[in-house]
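We call the chains A, B, C, D, E and F, going by the order they appear; numbering starts again at 1 in every chain.
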Amino acid sequence: MGKMIEEFNGYRTKMNDRIMETANTNIKRFIALDTTTYADGALNVKTKEMLGLVASMVLRCDDCIKYHLGKCHDEGVSNEEMNEIFMIANLVGGSIVIPHYRRALEYWDELNS
Amino acid sequence: MGKMIEEFNGYRTKMNDRIMETANTNIKRFIALDTTTYADGALNVKTKEMLGLVASMVLRCDDCIKYHLGKCHDEGVSNEEMNEIFMIANLVGGSIVIPHYRRALEYWDELNS
Amino acid sequence: MGKMIEEFNGYRTKMNDRIMETANTNIKRFIALDTTTYADGALNVKTKEMLGLVASMVLRCDDCIKYHLGKCHDEGVSNEEMNEIFMIANLVGGSIVIPHYRRALEYWDELNS
Amino acid sequence: MGKMIEEFNGYRTKMNDRIMETANTNIKRFIALDTTTYADGALNVKTKEMLGLVASMVLRCDDCIKYHLGKCHDEGVSNEEMNEIFMIANLVGGSIVIPHYRRALEYWDELNS
Amino acid sequence: MGKMIEEFNGYRTKMNDRIMETANTNIKRFIALDTTTYADGALNVKTKEMLGLVASMVLRCDDCIKYHLGKCHDEGVSNEEMNEIFMIANLVGGSIVIPHYRRALEYWDELNS
Amino acid sequence: MGKMIEEFNGYRTKMNDRIMETANTNIKRFIALDTTTYADGALNVKTKEMLGLVASMVLRCDDCIKYHLGKCHDEGVSNEEMNEIFMIANLVGGSIVIPHYRRALEYWDELNS
């Protein structure tokens, strides 16, 4: 596993554990919804993760992008498909998305190496 | 065709025509990209329109939402699929998306009536 | 009840009913969270509604603003307190909040008339 | 004076008057800063109004856009210059800016008619 | 004082000093407003800092979040109250706020250690 | 050349090269537009770079800010002019822009040292 991936997953896991120790019931429900929302349904997991990724890109949340890139990788999204998602994100969100696209591409490369 | 749809399409067409009359070359290229980006490719049109919709919802652009709802309808997105897109948009973008979800649902109903 | 308030509440109620008829389980849970989050707790309802209002203002969601203005009015927020919320929203969110502040003030006046 | 311009200016003036009647000192200082910031200085008024316009467009605030379009018109911004501002706004802010560009163009046409 | 707090305060102080050396009058007035806005008034400092925090969270500004977390800590905001603020921010701003919530919780822990 | 500038340019160049190796035709067209948009035209390069900077600041994209600061420096923007751009960005975008202003000022100082 690459260094960026390890670092991202490590911090995410550590703080998610801390959230579970400290959060109130509403926060726990919100976090639970964040999981069930991406489960297989009328849309399959791959499609949902692509939706989560494009939403994260236009909102320019690097951590959310990394998370959904990892999931898209697990779901077998191809480079050609990923480029089309990147393009929709760049187009809809504008050139301010490009720095996030750079970092996303670097992370995607690490996922695929 | 319902009243909201007619009004939306009418204004959009009128102003797109006016853009074509007045825009410079770069703007015309940008508008052209906005069309080619959603063409069939590694991802099919239906998937791309769903991506465009969720991006529009989290960025809370009612006109963009209407446009992609129309395209999703043309591509045969079902109510169950649409609800899962709505959920991802509400979850990722938060409760500030809800007023846009209300208007999206009203427009979706008109598309399906 | 003033005209803007009636119109806002009418549409909101109509579409919330339609959401309840059509939404999936996750959306219903999300909507439920939107209610329980503002219930009396470690922070009282008045404080929570002020928090909801300032968040809505900096995110520039007119419908969310109207909703929380109504709740703040129910909770007895004074004009002096409201002005301090308006100021924090204008300062943090910047001058692009001013048009929303204008509409918020108009609605607040109607709530208080 | 065109209908959109009259309506925009009318509401803006009415609510600015109401703000002056009701606002606290900090809000009044903030509003004052909003005026002095665009005054002639190291950058001339025309340049500043173009900066205010592009900022308003990428933040997608229709009322702010109308205001700065009016000021740009007063400062003699040409159609060619305006198109280049529109392009920068569309590029940086992305295709979600396009609906605001449509309305901006309609308003710009009214200012020039 | 923890390491994150020290680092945050150090850079903030250094650059605020540099701003004071270089800024023009309008910027200095804006910075001054940023202080007076959170002073005790119709709303007390604690409430205002909670408002500043929730606004910073939904706008996803990590530095602003750290600043207001420090102030909330000074004002005696309890863990239970903080969790309710975190929940409102997550709900209103959506799951893209979660990475900021993770970092906020880590910083809040350091403030309380 | 200062350390921040070197680091920024190095990563940007590395990833732009990687984009050119991997991107599809639409992405390449989008990137090309990002260059032609800032070319000399009805507005000169200096004005366009100032427009790009203020747009980047209100959208709070640090990498975009650094890029346009570099270009503004090349175009001979003075400290007095830069302060007026900073002020418009702070005013329009609000106090959440201040942390980006701090980093921008630090980078601007490095460009001028």
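Keep in mind that, in the parts below, a contact is a pair of C-beta atoms (placed from the backbone, for glycine too) under 8 Å apart; a residue touches a chain by one contact, two chains touch by 3 or more.
Because the structure is a prediction, the values reported are computed rather than measured.
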item: Partner chains shared by chain A and chain C (touch criterion as defined above); value: B, D, E, F
item: Steps needed, at minimum, to go from chain C to chain E via contacts; value: 1
item: Copy pair chain B, chain E: interface residue numbering same or different (half cut); value: same
item: Most distant chain from chain C by Cα centroid; value: F
item: Which of B-D and D-E has more C-beta pairs touching across its chains; value: B-D
item: Mean-CA-position distance for chain F and chain A (Å); value: 26
item: Gap in Å, rounded to a whole number, between the CA centres of chain B and chain A; value: 23
item: In chain F, residues with contacts to at least two other chains; value: 24, 26, 30, 33-34, 37, 41, 55-56, 58-59, 64, 80, 83-84, 87, 90-93, 95-96
item: Category of the chain touch graph - line, ring, star, complete, other; value: complete
item: Of all residues in chain C, those that touch chain B in their complex; value: 11-12, 15-16, 18-19, 22-24, 26-27, 30-31, 34, 55-56, 59, 61-64
item: Contact set on chain F toward chain D in their complex; value: 33-34, 37-38, 41-43, 47-48, 50-52, 54-56, 58-59, 64, 78, 80-81, 83-85, 87-89, 91-93
item: Chain E residues touching chain A - in the complex, by the definition given at the top; value: 60, 79-80, 83-84, 86-87, 90-91, 95-96, 98-99, 101-103, 105-106, 109
item: Complex interface listing, chain A residues touching chain D; value: 58, 90-97
item: Sites on chain C touched by chain A in the complex; value: 24, 26, 29-30, 33, 36-37, 41
